[in-house]
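You will see subunit A twice below: alongside subunit B first, and alongside subunit C after that.
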Partner chain A sequence: MTAMQTKSPHSSDGSDYSLRDHFRIWRTMLTISLEERLVYRGDFALGTLLRFLPIVTQVFLWTAVFSAAGRSDIAGYSKNDIVAYYLLAMATRAFSSMPGLAGSIARGIRDGSIKKYLVQPVDYIGFLFAMRVAHKLVYFAVALGPFVLVLFLFRSYFPAIPDVGTIIAFAASLFMAFLIGFFLEATLGMLGFWFLEVASLLFVYMLANYLLSGHMFPLDMLDGIATGLLGISLGDVVKMLPFEYTAYFPAAIWLGKISGPAMYQGLLIEAMWVIVMAAACRLAYDRGSRHWSAVGG
Partner chain B sequence: MNASSRLPTVDRSLANDDVIQVSGLSKSYRVYDKPEGIAASISGLFRRKHRTVHALQNIDLSVKRGEFVALLGPNGAGKTTCLKLLSGIITPTSGEARVLGHVPWDRENAYRRRFSLVMGQRNQLWWDLPASESFKLHREIYRIDAGHFDRIRDELVDLLGVRSLLLQPVRDLSLGERMKLELVASLLHEPEVLFLDEPTLGLDVVAQHAVHGFLQHYQSARRVTVMLTTHYMKDVAALCQRVVVVMHGSILYDGSLAAFIDRYSTHKLVTLEMSNAPNPALLARWGSDVEVRGPEILVRVDRTQVASVLPELLEIPSIVDITVEDVPLEEIVASLFRSNDSGNSRTHDGAPA
Partner chain C sequence: MGRYWRVFATFAVAGMVRDMTFRTNFLIACISSIAWVAMNLSFYVLVFSFTPELGLNTGWSREPFFVFVATGLIINSIVQTFFMPSAEEFSEMVRSGGLDAVLVQPLDAQFLITCHRVDYSSLANGMVGFLLLFWSLLSTKWTPTPVAFLLYPLFVISGVTILYSFIIGLAAATIFLGRNQSLYDFWFYITTFSRYPMEIYSGPWGTPLQTLCTFVLPILVVVNVPARLLARPFLMSDTNLAIWSLLAAGVSFIVSRRVFTHSIDRYRSASS
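Take a look at the complex of A and B:
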């Protein structure tokens, strides 16, 4: 929502659009993109279900790792902890990952179809945001059943349900994970105003994200690894990057790996990244759409 | 949306004045020349030869409220660049422009609510949804009062005869049907200025005719200001009183369509219908380019000679019928482009149109 109400410098004259007008536009966009999403229900349902396959391979992999190591504990994680961690990281990534966002922005820039948003009295970033919320709503509607089923099947792997404060912090971190994911990918897409093709840039981002978000392994495993600089560990560096907030951080809150002051500090850094990425996205759009030469007819 | 909110007091002074004012407008692009071949592609990774393309050079133009202007010119002449500048999609290299009192590339909402840009086959309609859904979104974006919106939509839909298509997914429609619905979408907020980029591109004759008829009716009924780029001279002949010819980024001609024909058409086309097989050699002395089409002979006669040539032609014994016409607009424009091109060495001014 914050994205919607951030006014672009070009709409300063459009102050006659009240908050209520913005909300109405946003609501209509949301309904329309919901309807559009539902057109391809088959593809959507299949894509959603296939997302659950990797977790099965992760469970097998870590079972093998634990039996080969002959230990019940690796870097402070039991086998149960690891499975619970992967399930939670997967749930977080369902919020923070933005399939196709950057690519579709760059495509719109390359083929010129972004033009319609430049000539209509509408904020492009707000529009993308509404689209993405719709996308996620449909996704969760389809994925909720399977998610609940998987969590139920693996319930014995989880620790006891945490207290209300932790659950609230978890929810806040999830919501911000969505915002960081959205603005980060949207910004990457906007770089298309300069480079036109952002596929390889996206690849680098995906790789960095895979390693540094906690998608591959719990990031506190990096805490003991020194960078060779003034006693700073690799874990300390990763904490300052936006990536870990899109998978590791919310999962770690739920599992009680992070709590107290460290948790508040993490939430603060996460909130800071939301603001930084939102500003970067706005800047990239404003500068980019002025730099761009409107190719392709 | 009521009339007073659409026409702020600032612009009343412009009511009978220029809606579009352009002075010294230029747009240059830096493009990079990529020579052929893989070796050149690799060296292009390190060093690129850039060159500046002048898509528009020092254009001056003013358009009054209610004018219907055609922008003509070969591909890459700068027509589309001109519309992109006036609709604020791109910013100029130098020069000024005001449309309805606004600087287009400031992209103020106050401006964007008052004009529309229709770009050939680029859809503003949602591909997988019926057009009526896209229209609803326009209603919110342009804040059109619900009752007013229904009235406007019904009027447009009936004029174009597309009511039955409103509930079909856009992807299932034909090109012509889509274009009509695009037009409806772009007119729902009752724009005062309409930019049309190749509105009939790819349409069959029937659909072209429908679009022409609609635009003509709509423009004269509403007195909107229209600028249109096109390759089809039928568009121009059917719609526009004023023609602006753009070549190599500069304006070559700006004036009425009638004066344009008067100035650049040097010949009349005389068609003779004969009762028996004609001998074209007989007619060579009356004009250039004699052409035989079945029982008909087409002769191009110098316009100054028509009056003296006609009586002589009528005396040919086997003649059945005779008609005198202007040379088709296509030919006039094509020959103008050709003659200008040969006299101009800057043939690579093609902008990424």
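Take a look at the complex of A and C:
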């Protein structure tokens, strides 16, 4: 039985490689990941199409709610706004959700397969990032058609196309949603260096994210719910967390629910969350990979 | 048949031993499941803070709707305890060639593939379902008849049979696709249609969808029929739906069995 103490490979080894070499390695990793994703095309296409099913029930649910409620506005959203919100939140989740990322990192730590990244001059986080970019490229290549079709079918629910500034802000928020989602899940996976099994933790994260990101309902609906703390609503508490940037925030920008200085302030906070989560991910990997030992033959 | 019951009892005991060996994990899994249910219930409470019922004059106010939700929890918990954990492993068995070991057993392959693993932590949702059902029935103004209570388990089993047939059909798809990691996703997404009363599917898009999900893929009758027995006075149209539900359960089971047998015939081992 042997024990392998490891050190972080990207710290000193990286200096032997030029930027061009790094780019070449990263491009190779991206190509490998793209090929891997396309092996089981049927499964991937099926999984992509399935994501559209829950939105259908939400549309009918809220249509039923509005018809029985006898009001045209709920928490500042009309029926059309709600439908458009769910579609936009879903589009945002397509950027920010990272299925299998944390689980695969924790599994690699547990079964020792992560050691191949530790002994090679490949930055593990960079590799994971390339894989995820590949995953998203394939996903959007497959999902673009259905997305365009669904958005076209539901076009009457959307308000007029916003101005260029709002569109740019929306695109920036989507890109940062992808980064937050990636670093958040990668950090959770890295906790496997200490806990080995993180399945329960991931489930808790999944629950929290589903509820607090705005995936389930627009977070504005929580504004009127008191927490018991003076002047602080449940909505205020939720908006202190990074989850809203993975679904609610970009959708709210497009719908004009957040605009002007509040939009720029939100983008700034989102950028700060990206930096915080990236730093947390790097720190967890550096500390964890030093702490980790592979035991076995 | 007796032999199958004995084998199933062995699987059930093995599942209990496994769960009790990792008691903390079992407890966490139970708590996680209940947390998921609690989160959904809080969403429904939020929805009912904006409206007195789901759909105008449908009768699905908060308490009847919670009878509906409770019924869904009970049915899904049975499926997730006894069938889903096994079916989830099927994809990997096909991909890795592990299915070979199942096919050479002197037992029905469908039985072995769908019943070999029992996950007791999923029963936690069923327990919450029973508690919610009890609370809702006490809170609602309508008192169900004794006949409704007697028929309720029958239609719960009917709903379970339909969901089981879906699982079998999806498992069979694994053989054609080579890998079907979306099995659980698909099951999750398709059952979202059954989470709400069928009356919400109305209008130019909703009515065809309701027809499709009632008569072609009978997912809407899974929860709607047993829930209607207890949630509100049973109407004539509900009787027709109940009869169709039993018929749909039988047809779904037979069709899924045939699809599964056909797919097994096409299976080519992946192992050496």
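As a working rule, the second predicted complex is superposed on the first by the 279 of 297 C-alpha atoms of A that agree within 3 Å, B and C clash if a C-alpha of one lies under 4 Å from a C-alpha of the other, contacts with A are read in each partner's own complex, and residues count from 1 in each chain.
We take it that a contact is a pair of C-beta atoms (placed from the backbone, for glycine too) under 8 Å apart; a residue touches a chain by one contact, two chains touch by 3 or more.
Since this is a predicted model, take the numbers as computed values, not measurements.
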- Overlay done on subunit A, so just call it for subunit B and subunit C: clash or fit. fit
- Counting only touches as set out at the top, which of subunit B and subunit C does A:68 meet: first, second, both, neither? second
- Task: Using the touch definition from the top, say if A:204 reaches subunit B (first), subunit C (second), both or neither.
- Result: second
- Message: Is A:119 touching anything from subunit B or subunit C once the two structures are fitted on A? First, second, both or neither.
- Response: first
- Query: With the C-alpha centre of subunit A at the apex, what angle separates the C-alpha centres of subunit B and subunit C, reported to the nearest 10°?
  - Reply: 90
- Query: A:57 contacts which: subunit B (first), subunit C (second), both, neither?
  - Reply: second
- Figure out whether A:287 sits in contact with subunit B (first) or subunit C (second), or with both, or with neither. neither
- Counting only touches as set out at the top, which of subunit B and subunit C does A:221 meet: first, second, both, neither? second
- Give one of first, second, both or neither to describe whether A:21 is in contact with subunit B, with subunit C, with both, or with none. first
- Could you tell me how near the closest CA atoms of subunit B and subunit C get once both structures are overlaid on the shared chain, in Å? 5
- The shared contact residues of subunit A with subunit B and subunit C are 40
- Item | subunit A-facing residues of subunit C, complex | 25, 28-29, 32, 35-36, 39, 42-43, 46-47, 50-58, 176-182, 185-186, 189-190, 192-193, 195-196, 199-203, 206, 209
- Message: Under the stated contact criterion, what part of subunit A meets subunit B in this complex?
- Response: 10-11, 13-14, 16-17, 21, 24-25, 27-29, 32, 35-36, 39-40, 112-113, 115-116, 118-122, 290, 292-297
- Query: Which residues of subunit A touch subunit C in the complex?
  - Reply: 40, 42-43, 46-47, 50-51, 53-54, 56-57, 60-61, 63-69, 71, 74-75, 200, 203-204, 207, 210-211, 216-217, 221
- Message: Using the touch definition from the top, list the residues of subunit B that touch subunit A in their complex.
- Response: 29, 80, 84, 87-91, 105-110, 112-113, 115-117, 119-120, 122, 124, 126, 128-129, 133-134, 136-137, 139-143, 169, 197, 352-353
